[in-house]
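Shared between the two complexes below is chain A, which pairs with chain B and chain C, respectively.
So, the complex of A and B:
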């Protein structure tokens, strides 16, 4: 009975979505704001990547809220899944050395991943990518050694310091804009930073700094979360 | 173009079915990662490279890592039946 009702429910949902999907013109925008942003963004914000302009200039406070949501989610997942226990000494004896190929591959991949992550963060205002994607790649890069060599750990204090500094930096850059009479979190160019040439790395004012703060915060948060979960002891299988 | 998209969609549907049907939980996590990866390919084909990068990094990389870690934490990390009986 429960299966039939869930089948009916999902079938009805699929029917409704299908009806909606057939009504929509695929690939044609129905938003008028998008065209305005596309035309105004290169002059107003000075980014080559319009998505970065929307994320950090037009919707900067949304990004701040997103960072807060990410922090809350990471903290709660770490709290639930990553309970520390005093069995770590017992666990150290059972560490198995990972395979030769795995450990060498991680050694080879880690610097490459760090370079790719920082590239994606620094060029976020010019090419597709940005703080969130680059931050995730950085987190995975720093988590790789922990994954392949079960003995190693990352310093939690360092992660917390980086995360706090990046989050404070994001808000400080936002307050810095207010010092020059601009709205909170608006990227600005008319100070000593200079405007830069459109399309060059040093352009778009403080927007790359904002993206760097976002990337470092996301990376530190996710790396800390992954390390916390991996340090938690594996549950003993008692039921089977 | 349409053939590439339908091929990718077919792979997505097949691996989504595999997530439901596979008895091995680690294989199910890997299959869900394949769903995210082919979704990233679809986004890249539809000229949304930003979303494609996010999907590849978070959906295929991070969330499957997180699922695998949760499996290990819950004690469900079993590679296969033979190894378990050893």
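So, the complex of A and C:
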């Protein structure tokens, strides 16, 4: 009965949304705001990547909010899983070491992944990419050894400190502008950086620093989340 | 006024740093949260009253309004920006936390709630709403763990809450996406300018319906409120007081902003009336059937929120005023009742004769309940009177139905509240009187404080009325909102662009026609 009613509900919702979709002007999207930003961003913010300008400058506080959502989700998962693994922290010794090829490949991959991750973060304001994407790659770089060598653990304290400082760094850069009498998160203020030369690494004011903070935070958050989940005792889940 | 953004930023900063701080000094981390709350309260009180005449907008990052995000500060947002840190401080989990991350979550709740009421950008509101939702899922899990019903029930409750909340968030996001495809902007003031032309159609209305249902999950709106009794039953009373009192009202504020600025159509209002009156009647009926104090209060909360929706759906400033009156009254009374109920768990029958054991608590309970019901001189009466009078003055038949529903619901409410009072004052002691939990001091302090405020308001009805009506007038004034956010120059620009856009659209239509 419950299945049927939920099927009816989802079917009805899908139908309504489809009807709605036919009403929307496809291909004639109203680019009211988009056009303005496309025209203004290269001069006003000085980024080669307009997405970065929207993400960090025009809608910087949204990005801060999204970082906070990620942080909250990780903290909540930590609250649910972390405490359980504390009193059953003894790791299962029966898991065998992975094969030669896997472990050596992961050793080889790790430095490369770190370089790629940081490259994507640092050039986020010039090329497609940025803190979120680069951060995910960094997280994978540090999670790979945990996957291939089941015995290894990542220092949770280190992760907590990195994610705390990176998040605080983002906000501090925003508050720094306020010290100069500018609004919160304004990327340009006197005596610091300025617009720079369009297309060079040191351009677009504080945007590269903001992206670095985003990248480190996302990386630490995701690595912490993955490690917490992988450390959660599987046996206990099976029992319940 | 520029410092007001710190109300959102400082709690976020504290939340990020707390877990790292706790590694060196747990005490420092604990104190930080309280300090941030105090600083927030000081910042807000320092600008209190400065927006009574003219609201203020603050462009974050210094980018011009339609492109950048603005915060909009008027009487309504300032009032809630003050209520948030005050209430969080009152219901702060002093030493009951299991992990420092829980303080972090409380800080995130403060930040997101403040951002939600201050923001003047639709997508920014969504981001803060989502943050609020995720933080409350985390808190429900964390507090439910230490709560009354044990870990399993709390986890199940929070999982269901999470699923329903996630569906709600997706619906809200779809609604915002539809608005964006129609109008091409997300700034509320800009949308308010374009709404009469671009959102006054079926797509716009369905966007409103989606947002209403999506945000309604937090606001305990009729079809999406099934999580309410389960979650409030599983978590600590502090958290349920906070959620029923404060968080539900924040969701209502979002709906009000969207409704006033974007969708002044009568269809949108009537949709809200219908959902509201279904909420009133269903909430009160189930509350009447429930045999447990917390459950009863949870369902009564659904009923009261339904009443809030009915009030806000009355067109014009009077409707807004009635809505604010009921919402603020509920915000004051329901947390206090939850505080009193925390010592009175278990089936209602076991509370027989509780008044003899603790006459002061029972007297407080009766006072609060009378106000909830709307017994004259108490503020609850004036709030309900506003609704009834304004409903009666509306011509549309749906409002006459709503009036009937509200009156019937009041009778049901009276029936079950009277029953509870009779049980409390029963001459025979219940069997479990001796094992009953004692009320904690802070619970009594909060409940007494609420009662004192209630009586003070009852004595000052006249001045409260002028305050509320001025708040309602400011909130209901779309042109005021638009003029505050945009300068004259910006407005001229936008009007110019709009004409261009319109001709574009027409030529598109002709193209389609010729095909």
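Please note the rule applied: the second predicted complex is superposed on the first by the 217 of 240 C-alpha atoms of A that agree within 3 Å, B and C clash if a C-alpha of one lies under 4 Å from a C-alpha of the other, contacts with A are read in each partner's own complex, and residues count from 1 in each chain.
As a working rule, a residue touches a chain if its C-beta (ideal position, glycine included) is under 8 Å from a C-beta of that chain, and two chains touch if they have at least 3 such contacts.
The structure displayed is predicted, hence computed values, not measured ones.
Enquirer: Looking at the overlay, does A:168 come into contact with chain B only (first), chain C only (second), both, or neither?
Expert: After superposition on chain A, A:168 lies in contact with chain C alone.
Enquirer: Looking at A:14, would you say it contacts chain B, chain C, both, or neither? Reply first, second, both or neither.
Expert: neither
Enquirer: Using the superposition on chain A described above, determine whether A:78 touches chain B (first), chain C (second), both, or neither.
Expert: Touch status of A:78: second partner only.
Enquirer: Given the touch rule stated above, what does A:136 touch, chain B (first), chain C (second), both, or neither?
Expert: first
Enquirer: Once chain A of both complexes is superposed, is A:108 in touch with chain B (first), chain C (second), both, or neither?
Expert: In the superposition, A:108 touches no partner, neither chain B nor chain C.
Enquirer: Report the partner of chain A that touches more of its residues: chain B or chain C.
Expert: C
Enquirer: Look at A:201 in the shared chain and tell me whether it touches chain B only, chain C only, both, or neither; answer first, second, both or neither.
Expert: Touch status of A:201: no partner.
Enquirer: Jot down the residues of chain A that show up as touching in both complexes, chain B in one and chain C in the other.
Expert: In chain A, positions 82 sit in both the chain B and chain C interfaces.
Enquirer: Hey, which residues of chain B end up touching chain A in the complex?
Expert: 49-50, 52-54, 57-58, 61-62, 65-66, 69-70, 72-77
Enquirer: Going by the contact rule at the top, pick out the chain A residues touching chain B in the complex.
Expert: Checking each residue of chain A against chain B gives 49, 51, 77, 81-82, 120, 128-130, 132-133, 136-137, 139-140, 143, 222, 225-226, 229-230, 232, 234-237.
Enquirer: Please output the residues of chain A touching chain C within their complex, sorted ascending.
Expert: Those in contact with chain C are residues 16-17, 20, 23-25, 28-34, 36-37, 40, 44, 57-62, 64-66, 68-69, 71-73, 75-76, 78-80, 82-83, 157, 160-161, 163-165, 167-168, 171-172, 174-175, 178, 182-187.
Enquirer: Give every residue of chain C touching chain A within the complex, in rising order.
Expert: 2, 5, 9, 12-13, 15-21, 23, 58-63, 66-69, 98-99, 101-102, 104-105, 108, 111-112, 115, 123-124, 127-128, 130-131, 134-135, 137-138, 141-142, 155, 174, 178, 181-186, 198, 202-203, 206, 497, 501, 505, 508
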